[in-house]
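Each of the two complexes below includes chain A, the first together with chain B, the second together with chain C.
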Partner chain A sequence: MVLVLALGDLHISHRAPDLPAKFKSMLVPGKIQHIICTGNLCIKEVHDYLRTICPDLHIARGEYDEETRYPETKTLTIGQFKLGVCHGHQVIPWGDLDSLAMLQRQLDVDILVTGHTHQFTAYKHEAGVVINPGSATGAYSSITYDVNPSFVLMDIDALRVVVYVYELIDGEVKVDKIDFKKTTTTQVAH
Partner chain B sequence: MVKKRVPDWLNSSLWSSPHPPSPSPYDDGEDYRLRRSSSAAESTVQPPVPVPPPSATRPEPPKVEIRDRMNDSSDNGGSGSGTPSVEDISRQAQLVQELSRKVINVGELRRLASQGIPDGAGIRSTVWKLLLGYLPVDRGLWSSELAKKRSQYKHFKEELLMNPSEITRRLEKSTSSENEESKCGTRGLLPRSEITQGEHPLSLGKTSIWNQFFQDTEIIEQIDRDVKRTHPGMHFFSGDSQLAKSNQEALKNILIVFAKLNPGIRYVQGMNEILAPLFYVFRNDPNEENTAFVEADTFFCFVELLSGFRDHFCQQLDNSVVGIRSTITKLSRLLKEHDEELWRHLEVTTKVNPQFYAFRWITLLLTQEFNFADSLIIWDTLLSDPEGPLETLLRVCIAMLILVRRRLLAGDFTSNLKLLQHYPSTNISHLLYVANKLRTQSAY
Partner chain C sequence: MISDGVEDEEKWLAAAITGLQQNSFYMHRALDSNNLRDALKYSAQMLSELRTSRLSPHKYYELYMRAFDELRKLEMFFKEETRRGCSIIDLYELVQHAGNILPRLYLLCTVGSVYIKSKEAPAKDVLKDLVEMCRGIQHPVRGLFLRSYLSQISRDKLPDIGSEYEGDADTVTDAVEFVLQNFTEMNKLWVRMQHQGPAREKERREKERSELRDLVGKNLHVLSQIEGVDLDMYRDTVLPRILEQVVNCKDELAQYYLMDCVIQVFPDEYHLQTLEILLSACPQLQPSVDIKTVLSQLMERLSNYAASSTEVLPEFFQVEAFAKLNNAIGKVIEAQVDMPIAGAVTLYSSLLTFTLHVHPDRLDYVDQILGACVKKLSGKGKLDDSRATKQIVALLSAPLEKYNDIETALKLSNYPRVMEHLDDGTNKVMAGVIIQSIIKNRTHISTADKVEALFELIKGLIKDSDEKLHDEIDEEDFNEEQNSVARLIQMLYNDDPEEMLKIICTVRKYILTGGPKRLPFTVPPLIFNSLKLVRRLQSQEENAAGEEVAPTPKKIFPILNQTIEALSAVPVPELALRLYLQCAEAANDCDLEPVAYEFFTQAYILYEEEISDSRAQVTAVHLIIGTLQRMNVFGVENRDTLTHKATGYSAKLLKKPDQCRAVYACSHLFWVDDSDSIKDGERVLLCLKRALRIANAAQQMSNATRGSSGSVTLFIEILNKYLYFFEKGNSEISVSVIQGLIELITTEMHSENMTPDPAADAFFASTLRYIQFQKQKEGALGEKYEPIKA
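Up next, the complex of A and B:
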């Protein structure tokens, strides 16, 4: 039972001052084992804050990040799943499933986490799942007009993942979940 | 002013010689030891006389003796004599006989066990289970009782040691029907579903299983740390061997289940030390059937044993009538009753507050003061004495003080404290004998 937090596009302090208070009260240290961040934090203080929640932090570089040394993409293995992170501004058209699927095949991961659109989505296609945790601060976006603060928490348990989606709608935290299982068929190299 | 001095019998030359066996072991219990000591005091020491077992002759003694030697060498250290005395063998035979009855006479069992349970026949496990009330006295009921308790423990484990992911999964299975499994090849948005009962991992609600789980993790970590530190010198408990690891796992499970079932007291450091001897004894039961269920048996016996001492572990009760401070005060009062000179010297002159040494003696039931094998023998007495473990424990503590009284009377604060916190190894049967005598000598 591994808890992985996925969030990004906070745009602190350019477009948003801070995470919503209700989110911050829930994100306490000690519960989460890994954090995957899609990028655009943007300042170092946010990085430090995320480290206090969990020391195992994986960040991909967003176009506004002040830290230039984050990688463009990153992959990691948690349990039976391979996860990949990328900010998403590199993949055009932004938010398009087919292009993201290409990236997923390139990285050879089961779960791809990207951002940039500031909108939560979770897609499934043959190669795996693409999750966009949205913007954790609800920062202004040039792509979408209606941005609700959101982030994602994945509970990885053997071959099953439960994705909990946390959204702040009208000042209240709403939680939904998505279930999926990884098929055990091994990938055959083409 | 007449000071209450140590009674003369304590200063007699009796202590330098072994006690001769009594001619008839089946005399009334209470006077048993007194009669022995008085007969010894009158006559000079006699060589041990072989005592015929009371019932029809059984072929026990020669076989038993060989096993005794084997067991003695495998036990970590031993008390007093290495080879079992004739007394031990006869007592063992009596115990075995008592245990083989259809309905066991607990009073008789207590009497026999309080003199120490010999290691030979591997009966300590069964005797302790009877003394703690885990096994009923009627042998016929044993299998049904054991089956009931063991399945209950299994149930506890399944319920309490499940992590929240599994719990939510089971909840879902029972409430909603299985969603259409998306097959490979379909693409599109993954369907969102509602969470069951507002349960999510970051929930801060008091009734949330996730929140409780995270709060319990702290305790589980504490238990884990303490279990790893239990008896680091013993291969049974510590080290990298498969045996040690599985034993540690079992100890952890028992303590976690206990903590979850008792939210009022949870886990307190020290409970692992009380659990360890129980587990050791039950795990070394020669009966294979019992060792398969050692966790369940140990759990219930642990609960039973701890029930008399729970209040010592509860911090809020420290200053109350049932708390540890009150027990220590009782100890102090007992000491004053039995040996006022020592009491005065210790508490008034050298200002050794009993809390400095007795706290550990009492809360951990003397497991830390003697080597492991000796503490098992002390526990034989603690568990079998009809006065109850707490009263017996206090008497043993007083006996411990009295046995080193000469050194205490000659020492100052530092040396006395050092002595009592690192109690010197001593002849255990001697110690228990003194403790027993204190019972008959007390004012009431």
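Up next, the complex of A and C:
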């Protein structure tokens, strides 16, 4: 059982002052094995904070990130799964699932983690799963109205990944989960 | 010289101890054989060692302790003697025959102890006799130890309430009188030490006096332990008598120590009720006494007392504690003109802590204290004294911690005035403390007035001070500072749009004075706050159609435009471009075509004139295309102009792969799913073909410069785009076009010059799998894909 935290688009301190208190209290150091971040932290303090939760931190560059040297895309293997991360402002039209699927094919990953729209989505297509953890701070977005703070926790176990999405709605944390299974090493099915 | 003295002292002490031990040996022999006469003789000789003048108090104490132990045994013997029939009165008489007065008095006290225990005479009579007799010793050190002995042996024999020694004649008043008298005499002896000996040895004398102070203070302890000393007796007798002695002795050391002792030893409720008496003594003390520390101690004790339980609070109100303390402090500060600033601030700080505990709701008291502080600081400008500034920071932080709500602190009119006296560095630290308090408590500042007051307080962070500091400010510290200001801006919010707009304008006023280094931090949060307001108004306008809602997006966009313009002073064109595009999207959502066009124009100008770094250009182009793709407010002409420019930028990017990708991204500008009017299949195909040409050129370049074909990845990407539009129903994209591209890629991949590229292989395989997958779908989609051979 490997826990992977996926989050991004915090936009601290341009659009939000801090993570919601309820999220902060849930993100305890030592429980998570990997962090995948879609970008737009934006400042170094956030980077340092994420490192305290888990030292294995993978970040893709968002267009507002203070640190310009984060990569545009990144891939990594966790267990039986290949994961990729890209902020998403590079994929036009923004939020278009077919275009994101193309990126997924290009990166050759089972799970593509992407952001930019501040809207949580988990989309399965024939080549894999696209997950958008939304904005962890509920930051303003020109694309999505009424953004609720959200992040994703993936539990990777052999050929199965359970995606837990945590959303802060009206001050309460609501959790939902989605199951994905890999049937072969190249395809992901329900 | 000094070491000789110490050595000598050691020698004398050793000699005295030897003498003492010798005599005690004989004394014990006498005790064992019930020989009273000899016992008295040898004990007197033993006690003669205490007549020495050569020992410092520290060494004298050692000798005294040994004598004390021996006298305990002697006392037991005396008790035995009385049981054997010897009259205690006779004994009392007998010991007075000792030759020298000091041994005589020690023996008298020892017998006196047994006398009182025997109850053959009232305790008070014996005690009175003893305390008076001890006047015979006027040498300070000897006298102090003798009286200390008297105090020790009499402690458990005082006629206190409930004690066995209480009687009709003996009351607690007598007990108190005895202790007070002993105390008074001991203090006089103690003070006298100050004036003995040459002036150059003053320091040594004071040190020796210090060692002896607990002997004097012990009496106050005893008084506090007497059960019968209730509040009334304390107020009417005990305290006035103690204070009388303290004031009259006119000795700095004694006054400081004893005032402190009184405060520590007696209960807090008593202090509350006798506050006036206690405080009135303060101005009468020697001017050199550190009265501020004494007062601070008192206030601290009372603060803790108040904090211990809410039930005691009414007492505070009843005795008007605040007024009395405030008054007393004022008088002290007035009287001691030379008091350093740090000292005065400490006093106010203690009073503030006290007030926050006892009268948390009385903001006027808190403001009063700050005002008094300001008065003391007036004319001093910015403080140089680090101790004073530390105290001021503590003073200012206390209300923040107590109230957990910056709005309360903002109501204190004197708060900013105190802050002004901090040097720039500390001022910033304090501003940081304030911001942290707001963010930690997640308070929202909700009116423009409060925002104004707040920003005045933290103006050290908002702009450079008037005096040009040439100190190098650490970059990391500066960034942290400004980031916290940015976060603060997020905490300013009001539901009412009119008030919110006022807040935005107020903040804008302040941050525009910040200078180029601060604008990149402070402008973005303000812009986004404004965009949030625009969005709120947008939905309001939709609801209340026809009614003029007071602030409208139309009024806000010009403010946004001007604010982003300010960034040109820095300059940060990349950031400004992003912000312009954000505003364009917002204008689009508000249906304001000219405004949206204007924002795009500004963004384009920045791109053309200011952004020359290749990597920055690539991102900027993607942002432009991505934003433009979502615009639905533009009429045909405007859209065409902007699209034409965007494709132009794409084609002129430096690196071929970047060009290729940007150009095929532009294809989406001609095809928008939601819009019926933007579905120009031809232009889409033109874009994709152009992208293909660029990809080809890239391949040729690769051949020419590296001798091998570059990657076919670009072709595969374009193929995917063909499939995308094919699925969307672009009639220009036919099966043959797709088939042709598939074959091209296959050929390229199998050609000899091809550098193996597993990523490209996987990508192609994945794409082909996609085609197969789509073929298997039912209905129109499957039919569409059927003819494609993969």
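Worth a mention:
By our rule, the second predicted complex is superposed on the first by the 184 of 190 C-alpha atoms of A that agree within 3 Å, B and C clash if a C-alpha of one lies under 4 Å from a C-alpha of the other, contacts with A are read in each partner's own complex, and residues count from 1 in each chain.
FYI, a contact is a pair of C-beta atoms (placed from the backbone, for glycine too) under 8 Å apart; a residue touches a chain by one contact, two chains touch by 3 or more.
These figures come from a predicted structure and were not determined experimentally.
Aligning the shared chain A places chain B and chain C next to each other free of steric conflict. In the superposition on chain A, A:145 makes contact with chain C only, not with chain B. Once chain A of one complex is fitted onto chain A of the other, the partner contacts of A:51 are absent, as it touches neither chain B nor chain C. Of the two partner chains, both chain B and chain C are touched by A:126. Contacts of A:24 after superposition: neither chain B nor chain C is touched.
Superposition on chain A leaves chain B and chain C with their closest Cα atoms 6 Å from each other. Touching of chain A by both chain B and chain C, each in its own complex, is seen for residues 126. By the touch criterion given at the top, residues 1, 3, 25-28, 30-31, 97, 121-126, 129, 153, 155, 157, 160, 162-166, 175-181, 183, 185 of chain A touch chain B in their complex.
Contacts from chain C toward chain A in the complex involve residues 439, 442, 479-480, 483-484, 486-488, 490-491, 521, 524-525, 528, 531-532, 535, 578, 582, 585-586, 589, 615, 619, 622-623, 625-627, 629-630, 665, 668, 713, 716-717, 720-721, 724, 727, 759, 762-763, 766-767, 769-770, 773. Note for the complex: chain B touches chain A at residues 163-166, 168-169, 179, 181-182, 184-195, 198, 200-204, 214, 217. Contact residues of chain A toward chain C in the complex are 11-18, 21, 43-45, 63-64, 68, 89-90, 92-94, 98-99, 101-102, 105-106, 108, 126-127, 140, 142-143, 145.
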